[in-house]
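Common to both upcoming complexes is chain A, partnered first by chain B, then by chain C.
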Partner chain A sequence: MSATAAAPRLQGIRHRRFTVLLTLLAAVAVAVVLSITIGSKSVPLADAWAALTTPTGSENDIIIRSLRVPRTVLGVLAGVALGVAGALMQGHTRNPLADPGLLGVTQGAAFAMVASIILLGASSLLVYIWFGLAGALVASVAVFALGMVGGRGGPTPVTLALAGTAVSAMLYALTSAIVLLDEQAMDVFRFWQAGSIAARGADVVRQVLPFILVGLVLAILNAPGLNALSLGEDVARSLGQNIAMTRTIGVAAVTLLSGAAVAACGSLSFVGLIVPHLARPLSGTDHRWLLPYSGLIGAALLLLADVIGRVVAPPGELEVGVVLALIGAPFFVALVRRRKPVRL
Partner chain B sequence: MSPEVRLQATDVKLGYGDRIVVDGLDLGVEAGTVTTIIGPNGCGKSTLLRALGRLLKPQGGEVLLDGKRIDKIPTREVAKILGVLPQAPTAPEGLTVADLVARGRHPHQTWYRQWSSDDEGAVAAALDMTGLADLAERPLDELSGGQRQRAWISMALAQGTDLLLLDEPTTFLDLAHQVEVLELVRHLHQEAGRTVVMVLHDLNLAARYADRLVAMRSGKVIAVGSPHEVLTEELLGEVFELDAKVIEDPVAGTPLVVPIRPRSH
Partner chain C sequence: MPTSEIAVSLRVGTLSWRLRLRGVAITVFGLAVLALLMALNMRIGDIEMTVAEVIAGTFDQNSPAHFIIMELRLPRALTGALVGAALALSGAIIQSIARNPLASPEILGVTTGASVMVVAGVVASGSVYGGTSGLLATLGIPALSLLGGLIGAAVVYGLAWRRGLDGYRLVLVGIGVAAVFTNVKFWLLTVGDVNDTARAMVWISGSLNGRGWEHVMPTALALAVLVPLTLLGTRSLDALRFSDDTVTSLGVRTNLARALMILAAVLLAAVATASAGPIAFVALASPQIALRLARSGQPPLLCSAVIGGVLTTAADLIARTAFSPLELPVGIVTAVLGAPYLIHLIWRARK
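Let's look at the complex of A and B:
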């Protein structure tokens, strides 16, 4: 065996990973184009381009600029956020069935929204989303703090999952009690729970964008540490990794990403569950590649599901959350049956 | 001139919570040697190794790495000097050999520079040295036990440390694969001058592949020295409660233990 037998193989692996990355970027670009042009009123690509570059105030221009573009941008943001959060969550808990909702963000957001309606009389989407965000963050911090109890050096995957389940169950009970008492809260909750990226303007995008950006930065910083941690705590420590800090950054990233996405779009945590399973066969177990792949696949998946929801039941629309569940659930079952679920 | 001591445990007290496993133990590891710790189950071998590798913080006493307290050195700096391979490490399913070995570069990487030509060179060299280049893209779970253990050692090699602590690197391997792994350890020691500390259960292999043996019982070091000095019939009785005959290994000339029966209590 020659002294450099391994070198060309390593280069081959790296080139393949860049090729996949570019392919996924292209897939997201295609999904963006479809999302901007297809809908209850189809807009030809040339007109859509004109609406973006040289708007004249026509009907198409208004549809594209004030409806389709914010909807598409929100779809990309939420898809990236939920895909990355799901991959982080499964990596940290070593549980292939974990989703970002496990930290209590979904129930936290739901409870804060309905509570703001009956306690403070909140009545606008932006206000609901602010409360949803705050609720998601508070619930996640509570889960993290409870998960620390009894564990040394930060929460363990098991204590986190237990605390998350308990907090979620309690918040769900409170939410149910509120929506049974208050009709307005019930309406908002029903609409939010279905999961949608429609009818949210550029202001919603601006509202959640900073949280998602910070979350993505933390996720990128977390990838190498998570790689080390996936080899077990002893190996991670011997590789010089601070375990408590890695866990804390990971939980913070999941909280910001999924909290922002869930507050703005409702309960879409299914994306976080299935997307890492689609990304892993392409990326392998290296989180430095798994996280970006998951983000891109999440964005493409969410946009395509949204586009399908727009055309499948004219003249109405199906919420993206409903489409995702209808298509995604059987697909996920098939995926899990075809290859045995991965042990993490 | 006395040989340079790389790792020194002084009066260490080790345990998990209230359960103290090792109390008042001293041990020095000299540069360029293969030191093997032997002893019956539960005597504190692995606990001592974990403390030497700063995976376990002593409740008393101190561990010095190159003369400095190991818990005062940033853990990332320690990781550039000292590699630890725990007993039976676990990897996520589907992890390829190349990816595992690449993770050994972790302490050399910063958040803004995740991969360099140094990293690539070190990983390629580690794969070649352990004879795993052809298996680089195979998932770890498809390999034989011996190949898998070589892959883990390869990761520790890519880490680029000249001090290696191995906790029972031959556990769960058949005899041929045990010898395969220990030959690799010997190669690392002889070719690259690495200092190795390992825990082994097989006394005959320990005698063959170690410069120094450390015999432990109930958290205490009973004997330290060359295999000839340590592996005596008397010591086997004292440490393992085993009646045995010690003869000369016809292949290596090292002591060979032939067990007779356990001593009755």
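Let's look at the complex of A and C:
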């Protein structure tokens, strides 16, 4: 194809990509509105707007400002973080079934946090989020190492998924051992492990925000390198890529994003797994587009799942982590059934 | 030829088995180790005993320790050994069928299904009866566990079935279904009272604490019925290692044989889980260890069962002594020791 013929086509693709981006942004906006207005007490849109712009201290104002808004913001942050982390993980391991939840990162963070609470007496999120990040780091490095072993191509999806199951099972056993010896810790832990964005408050949002922002910056920086790596390490090297550097940035980004999300919200599996599969048909294989799409779809998915959890089991709520598993697992099974597990 | 090839044939009517001497020797040796470990395990309790006292207490009716041994310690030790054997046998069957050393009844949804049902039962009954339901504890939990295990396996098997069964698809579907069960379990744990949650947590970690004859008997019965049946099926199992086309041409009705063997494996794992809760990784590791010790092509069934008993009893011994006087559930020890072994297997498989 000649350069003159390619130019308009390329422009068309770019145009389409911006359209998709705007559509996804609109979807997130709709999800945000739903998340702010729907709940055990529905608040009309006009009242919600008034609560945000001209608060009078009414009951609705308090619900919106102190409960719904922090919850929604945390949902957006965690959704973006997990969506991007999932896309990065699937890109780096070239494995369509990679997901921070399935691969043990969540349990790594859980174990480190519970251990720090019980053994070292850490009491505030600000302290134990560091332990959560450290745990997530160790687990993601371990999973990546397992993901890369065997050199060319890495392991099949099934071995990676099993490795994740093994790592998770061991960490979960260690966590249970600690929790079983301390009933108070169990009472905290059982609510954390179900995975929820409710009742976390604005201070939690403020504490995880920097980690997620740094993670997102690293992810964006990682995109071109990841594109080269998806051609294979040899090709990437001959294109002048520093492979060790690209991998390191990738691990750091995955750790920050999934570690922060998990520390704040508990175990939220399947976001990172599903989202890249929804984003890839829209973006193609270019990670510079796949990553932002994944982030936006992740945010919309997490918020919608949370809204569903609020309305399906009145008067109580179903934790968003449970809703996500109920949505995500059928997707996972369908993915597995549709074809032989493929390599990316 | 290596010694592993020394074999004799055992014929009963039209049936015949090849007995490989190395496998037999390891099975016998394993039984001896198992007896020793059980004796060591029975020493532990409110009254410490010597091994001699344990042996005297077991076989001498006039011994002062006889009552404690027979009513408290022997049932616990036997539950551990039998449950371990049943899990290992189940794992050996599933690994042969899935043609995958990494498959286990955990993957088939048995243990996770059982966990969900039991947690649901404990949480529901706790709020209704104030947590004092003796009937639920002795009869309800094993029944719920059995039911949950069978449902879990049926769901995984049904979802993985697509014009036949593919080992890899089975494993991956199992992981997906396990994730759902686990999350539902997490949710149920948040619903209940914290005391019920603590009881449920101990059970879902896999514990041998306070196990009596009522836990020994179901497992013993299941083994007594299913071991001969699975041994009858060894021929199909040996054949199922090959591709479906080859198996069919060898005259084995692939899907029927596979379904029956899987049913046996599921029953074994479900009964074991009903008695002691989900004890992780025994089903996965034992057949692989047995296979390596016996140097055979695929997991030897009886040898795996003995190794399973040995592993579970050894893990229980560690669980009771490592943080003495605190006791950990045995399943935590097997998970902490078993997971690195699984990772090692994955590592080896890739190299």
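We take it that the second predicted complex is superposed on the first by the 276 of 344 C-alpha atoms of A that agree within 3 Å, B and C clash if a C-alpha of one lies under 4 Å from a C-alpha of the other, contacts with A are read in each partner's own complex, and residues count from 1 in each chain.
Here is the rule we use: a contact is a pair of C-beta atoms (placed from the backbone, for glycine too) under 8 Å apart; a residue touches a chain by one contact, two chains touch by 3 or more.
All figures in this text were calculated on a predicted structure; none of them were measured in a lab.
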Which superposed partner A:176 touches (first chain B, second chain C, both, neither): second
Which of chain B and chain C A:102 touches, first, second, both or neither: second
Touched partner set for A:162, first chain B, second chain C, both or neither: second
Partner chain(s) touched by A:230 [first = chain B, second = chain C, both, neither]: first
Chain B versus chain C as contact partner of A:15, first or second or both or neither: neither
Partner chain in contact with A:206 - chain B first, chain C second, else both or neither: neither
Residue contacts with chain A in the superposition, chain B compared against chain C: C
Shared contact residues on chain A - chain B and chain C: none
In the complex, chain C residues that touch chain A: 100, 102, 159-160, 162, 166, 168-169, 171-173, 175-180, 182-184, 186-187, 189-190, 194, 197-198, 201-202, 205, 280-281, 326, 328-329, 331-332, 335-336, 338-340, 342-343, 346-347, 349-351
In the complex with chain C, residue positions of chain A that touch it: 97, 101-102, 146, 149-150, 155-159, 161-163, 165-167, 169-170, 172-174, 176-177, 179-181, 183, 186-187, 190-191, 193-195, 267, 269-270, 318-319, 321-322, 324-326, 328-329, 332-333, 336-337, 340-341
Residue numbers on chain B that touch chain A, as the complex places them: 50, 53-55, 74-80, 82-86, 89-96, 98-100, 102-104, 106-107, 109, 111, 114-115, 120-121, 123-125, 127-128, 131-134, 136-137, 159
Chain B contact footprint on chain A (complex, rising order): 1, 3-7, 9-11, 13-14, 94, 220-221, 224, 227-228, 230-232, 234-235, 237-242, 280, 284-286, 288, 342-344
